Amino acid sequence: MAAQKWVGQSLKRTEDPALLTGCGAFVGDLPFSNLCHAAILRSPHAHARIRKVDTAQALRAPGVLGIVTGADAARLTGPFPVGVEAPVKYYCMAIDKVRYVGEPVAVVVARDRYLAEDALDLIEVEYEPLAAVVDPELALKSGAPLLHEAVGSNLACHRKLRYGDPERAFLEADVVIRARFRFPKYSSTPIETYGVIASYEPTTGVLSVWSNFMGPFVMHSLVARALNLAENRLRFVAAPDIGGSFGIKTGVYPYIALIGLAAMNTGVPVRWLEDRREHLLASSSGTDRVAYRELAARKDGTILAMRSRWIDNVGAYIRSPEPGCTFRPISNWVGPYRFENLEADASVVMTNKSLTGPNRGYGCGHLYFEMERMVDLLAEKLAMDPAEVRRRNFIQADEFPYRTPTGGLYDSGNYPGAFEKAIETARYDELRQEQVRARAQGRLFGIGLAVAVDPSVSNMGYITVALDPAVRSRPDYHPKSGALEAATVKVGPLGKVTVVMGSAPQGQGHRTVVAQVVADELAIAPDEITVIDDLDTFTRLWGVSSGTYSSRFAAVGTSAAALAARKLKDKLIDYASRLMEVPRESLNYSDGMVRTQSGEGRPLSLRELAGQAHWNPDSFPKGMEPSLEATAVFGFAESKAPDPQDRVNASNTYGFIAEVMAVEIDPETAAIKILRYVTVHDAGTIINPTIVRGQIYGGALHGLGGALYEELVYDDEGQLLTGSFMDYLVPTASEAPTIEIAHIESPSPFTTLGAKGLGEASSMTVAAVLANAVSDALKPLGIQIDELPITPSRLWHLMEASRGTAR
Amino acid sequence: MAEHRKIQLKINGELREGWAEPRRLLVDFIRDDLGLTGTHAGCEHGICGACTVLFNGEAVRSCLMLAVQANGAELLTVEGLAHEGKLHPLQQAFWEHHALQCGFCTPGMLIVALDLLRTTPSPNEEEIRHALSAVLCRCTGYQSIVEAVDAAASRLRPSR
Amino acid sequence: MKPSPFEYHDPTSVNEALELLRRYGPEAKILAGGQSLIALLNFRLSAPAALIDLNRVAELSYLKHENGTLRFGSMLRQRAIEFSPLVLQRLPLLAEATRLVGHLPTRTRGTIGGSLAHADPAAEYPTVITALDGELVIRGSLGERVVRAHDFFQGVMSTALGPDEILVEVRLAEAPPDSGCAFEEFSRRHGDFAIAGVAAMVVVDGARCRMARLAAAGVGPIPMRLRAAEEILEREGLSERAINDAAASAAEIVEPAGDLHASADFRRHLTRVLTRRALARAADRARGK
C-alpha cells in the first residue's frame, strides 16, 4: 500500500483549463469532412397504426440525400434483445405501429440540419389512431389498450419474491402500517443532449460511431445484433467530453442503431444532434411508480417485515437495461435496517409514454422515498422519535460484511456512527426545541430524517432476477455477472508515465483522480502523469460492464489504475534486479526510484530504467516480457449471478447516507423553505474531497428536482405536456439550497484503495428527507406526503382539504 | 438556393465575416461558420443559457438571435476571455473552486458572471444566485459556482 | 429545432416597417426582442412568410420625460429600463417589475413594446401598464392612434394591434408624490412567468387613500384590473382591515384558469394573498416618504 500523499487531496482538475477556455471536445464539436445531418420525424400520436409513409416529396427537397423509414428498419435491422421473457419487439424506429409520442418514424439525411427539418415537414404519414393508456394501474386492467399484441397484455414482467418468513412476522406484529405512494416520472436532463455521428466504410464493412453513449457497453452487442453487424465491425468511440449523463445517456444506444442505419443506407457520414424537444419527448427517464407498502413492527419500534407491491411504468417498450428500475436496488431493499423478512410483488408495465432507463439513483429514489416515509409513519404511530426508531433498527458496525436477506453483501459501514454525526451536525435536539416554539406560534416548522444504503458498481447479473428461476436454471441458459474495469500504466522511452483507460466520463474528473492514485503508487507528482481516458471499442480494453454509470469509477476505476501501477512497479523491480544483478528481495521502490534496501549501489530512476528498456530491450531477462507496460483488470469476488432463491449481490460496494432537513412552510402560499440541510456520507476512502463535495451537491439537486419541480407530465391521450424547459422545471441557482456536508470513511475491503462509489448519493435521499420534513411540518394538519413532486398548488390543496375549507 | 446575407462582425477582437440565411441562429453561426465551438446549444428556446455570449458588451442568448442581427456587432465568447494565455480571473476562480464538472454550461456561466460583475461589482449571495439563474447546470448544484463568482468579484474589484 | 425559412427585412425607419407590413399583411411577423418569437420560430410553432426586424429602427428607442409623463419608445430594452435612474425615481413600480422579467440576458434584448404586444397575461409589463392605466401609441396605414391599456389587451396573447400596425410608444404617468408601490409575484422558480402576481400603487393623504391602482397577472385572459378592490381602499383607507377587504375583493374579480403548474383555485387564493402583501408594502413605502 503506497503512502498517501495525493489521494485525499483536493487537487485542481486537469480537465478544467480546456473546458474553461471553450476547448472542450463534445460530440457536436468533433470535426468531420463531408458530414451530413439527420433530423428525425417523430410520431405525434401516442398510439396508432402506421398505414403509409410517403417520402416522395421530401426526397426532392433541397439538400436531401436520403430518408430511412420503418420499412428499411424492418428489412435491415433486428429488434434489440430485451431483459424479460415477454416477447416485446423493440426496434430502433417504428415499423407498423407507433406506441409513444416522439417515437421515430423516419430519418432525413440532408446537407444541414435546417434543410433536414424542412424535409420533415414534407413527409406524409397516414396514421390510424388507437386509444392510449398512460396510467400503469389502468394499463393492467382488462380492456385497456394493448400496446404489444404478441405479448397479450401490457405487463412486461411480473415477479413475486419472498425472503424469510413475512407471513409470520405480520402475524406476530404489534403494529402494521400501510400506505400508498406515487413517484413521478422525471429525468436528470443533462445540459448536453444526445449526439451520434455514424460513418460506414463499405470497403471494410466497418460502422464507426462517435457518440456520448457512456455505457454499460453491453449495449454494443445489442446494437451489433440489431444492425446485423459482426461485433468486430462495429466501432463505438466515446466523445472525449460528455456534457453530463446521470444514466440518461444509456438511452443513446437505440439512436446509434438508427443513425448507423441512416449512414449505411445513404452512404455518407451522418450526424444527429438531439434537440431539447426531442430529449424531453423521447430520450430516457426514470419510471413513474405506484407503490403499496406494508410494514410490520413490534411496539418498541423494531421492524419485523416489509411488503411491497410495485407497479413501475417503463413506457411503451421495455428497453434494456430495464427493468433495472425495479431490481437495481434488490440487494439493498432492506436499506440499513436489519429486518430479515420481506416480500416484493413487482409488476413492470408498458404504457404509451416515453422509455425509461437509469436515472441518477436508479430506483433508489423510489425505494427510499417509500421506506423512509414508512419509518416515519411507524414512529408517528408509536409516538416515538423517528431518530430513535431508526437507531433501533440499524445494522451495527461490527456486523460487516453484512449479508442482506436478498443476497446483498454490504462491504463496510458504521450506520449508527454516521447517523449520530448527522444528528449532531444538524443540532437535532435544538431543532426539536425550536419546533415546539414555532408550533406555539402557529408556524409550520418540520424536521425530516432519511437514511439510505448507497449501492454502487452494478453487478451486471442482477437484472436476470427479472427472469423466472425456472428460466435461469435451463441448461441452455448462460448466467450473467460481473463488474470489471481495466487500466494500463506505461513508462515511455524518456521515463514519463502515461495511464490509459476507457471509462467514458461525463464530468466526474477521472483523469485528475487517476493521476492522484498513480502518483501515490509510483511516488511521482500527478502533473508528471498523462492520463488518457478515451473509450474506443477498437483500441481499448473493454467489456460488457464498461462505462461510467452506477457510480462505479471510484471503486473499479481507481482500483484498476492502482493495480496496474503496482504491476508496473513489480516489473520495474524485476527488471532492475536483472540490471543491478541483485536479488529482487533486496530491492524496493520509493520516490520514483528502485533502490537496494541496504542503500548500497546506485539507485535507478524511472528515466534510467526506461531508457535501458526501450533502447536496449536485450537487457531484459529471458522469460520476462520486454516492456515497461502493465495492464490490470479489476473485478470483484462477490459479483455473481442470482441464485435459484433470487438472491443476488446486485452491487459491489455500499455506502451510507444520513440526512437531516428542517423546513418551514408558508401557510398562505404553501411555499417550502429549506432552513437547514445536513448530509453525512460514508463512501469509504475519499480520493479528492472537492470532487466529492461537487457530486453530493449535484446529486442533491437532482433529487430536489424530482421532489419539488420536475415531472414529465402526460395527458390521458399520451401527449407530453412538459415538452420544453418552460414547463419542465429544472432548479436554478436561486432554488438550490446550501448543504452542510460531513463524512465518515469506512473503507471497503473489496476495492484496492477502499473507495466506494458516490456519484448518485443524495439523489436517493432528498425526496425522502424533504417529504418527511414536510409531513412533520404539517402534522398539526394531519397531512402525510405520499406523492411527488410537492408543488405549491398540490400542497395548498392538501392543506385546504384538511382545514375543511376545500371546494 | 435560399437568400444568404453577408455578416461582418468582430468576435473576440478579431474581424470575421460569413454568409448566412436569415433564419440561421446566431449560436449556429458562431459554432459552425466561425468554428468557435466553445459556445454550446442546450435547448434552443432560451432557457438553459449555455449559448450565452456578450453582444456589444451585454449578455444575450445566442439561440434567440439570428446571425444576421449580429452584422456590425462586437461579440465576446468564452474563447475570448483568456488574454495572451492567461486565464481571466473568473476562469481562474472557477478552476480553483471546482465550479464545473462536465463543462457544458460553463461558457454560459462565465459570460453571465462577467455581465453580472460588470454591472454589479459587489454582488451579495442573493444577487449572484439570481444572476446565475439565467443558466441551468445539472452537475454542480450551483454552490461552487456561487463561491467562484464571489471570489472573482473580490479579485476584480479595485482594491481600496 | 430550427426555424422554417422566411423572407427577412430589417428596415431602419418606422415608415419603412409600415410599408413592409402593408405589403405582407398577416403573413409577416414583427421581430422585436425575439425572446418569445424566436423560441416559437425554433419550435416551428410559428412559421411566418416574412419577418420584419425592428432592431435597426433607431427612432423607436428612447425614453423621454415630459409634463409628468414618461414616454418609452417601443423598442427600448428592458435592460435599459432596469438601469435607468429616471425610471427608478419616477416609476419605481416599473423598475421593480423589470427585475422580475426573465433574466438579465433576456432583458438585454427584450423590449417594452415587444412584451406588451406579446400580451402574455402572466407577464409583468402588461400588468404594470394595466395597473397604471398606461397609453399605447399605435401607428398604422391610417395614421396614429392612442389606446388605453384596458382597451389594448383583449384576450390571451391578443391585442388591439391590427395586422398593419406597430406599437411605437408607451406612455405612463410618473408616480405621484406621496405614492408607494410594490409588485408581488409568486412563481415556481426565480425568473419564471408569474403563477400569480399583483402590481399595486397607492397614494396616501393622511389616513386616507387618495388613489389606489391594482392589477393582477396570471389570473385571467388579460392582466386583471382590480377596480372594485381599488374602490374599497379609496373609500376606506389603508388600514389592515381595508387592505384585507380589498384583497378579498380582488380574489372575487379575477378569472384564473388552471394548468399543470397551478389550479384555478390556488391562483385565486394567491391573488388574495399577494394583493394583501403588495398593498401592505406599497402603503409602507408611501408612508415612508
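Here the chain labels run A, B and C in written order, and each chain numbers its own residues starting at 1.
Here, a contact is a pair of C-beta atoms (placed from the backbone, for glycine too) under 8 Å apart; a residue touches a chain by one contact, two chains touch by 3 or more.
Bear in mind that the values here come from a model prediction, so they are computed numbers and not experimental data.
A.B. asks: From the centre of chain C, which chain's CA centre is farthest?
C.D. replies: Farthest chain from chain C, going by C-alpha centroids: A.
A.B. asks: If you tally the C-beta contacts for A-C and for B-C, which one comes out higher?
C.D. replies: B-C
A.B. asks: Find the geometric centre of each of chain A and chain B from their Cα atoms only, then give the gap between the two centres in Å, rounded to an integer.
C.D. replies: 30
A.B. asks: Quick one: chain A and chain C, Cα centre-to-centre, how many Å?
C.D. replies: 45
A.B. asks: How big is the gap, in whole Å, between where the Cα atoms of chain B centre and where those of chain C centre?
C.D. replies: Spacing between the chain centres: roughly 29 Å.
A.B. asks: Enumerate the residues of chain B that touch no fewer than two other chains.
C.D. replies: Counting only residues that touch two or more other chains, chain B contributes 2, 21, 23, 44-45, 129-130, 133.
A.B. asks: Using the touch rule from the top of the page, what residues of chain C touch 2 or more other chains?
C.D. replies: 1-5, 43, 189-191
A.B. asks: Can you list the residues of chain A that touch 2 or more other chains?
C.D. replies: 114, 275-276, 724, 732, 734
A.B. asks: Which residues of chain B touch chain C in their complex?
C.D. replies: By the definition above, chain B touches chain C via 2-3, 5, 21-23, 25, 28, 44-46, 49, 52, 55, 58-61, 63-66, 68-69, 112, 115-116, 119, 129-131, 133-134.
A.B. asks: Within the complex, which stretch of chain A touches chain B?
C.D. replies: Touching chain B: residues 10, 12-13, 15-17, 19-24, 26, 28-29, 62, 114, 188-193, 241-244, 246, 275-276, 506-509, 690-691, 693-694, 696-702, 724-726, 730, 732-734, 736, 738-739 of chain A.
A.B. asks: Going by the contact rule at the top, pick out the chain B residues touching chain A in the complex.
C.D. replies: Residue positions touching the partner: 1-2, 21, 23-24, 31, 36-45, 47-48, 50, 77-79, 81-82, 87, 91, 94-96, 98, 100-107, 110, 128-130, 132-133, 136-146.
A.B. asks: What residues of chain A sit close enough to touch chain C in their complex?
C.D. replies: 113-114, 117-118, 121, 275-277, 668-669, 671, 709, 713, 721-722, 724, 727, 729, 731-732, 734-735, 791-793, 796-797, 800, 807
A.B. asks: Along chain C, where are the residues that touch chain B in the complex?
C.D. replies: For this pair, the touching residues of chain C are 1-8, 10, 34-35, 38-39, 41-43, 51, 53, 55, 79, 83, 103-106, 108-109, 189-191.
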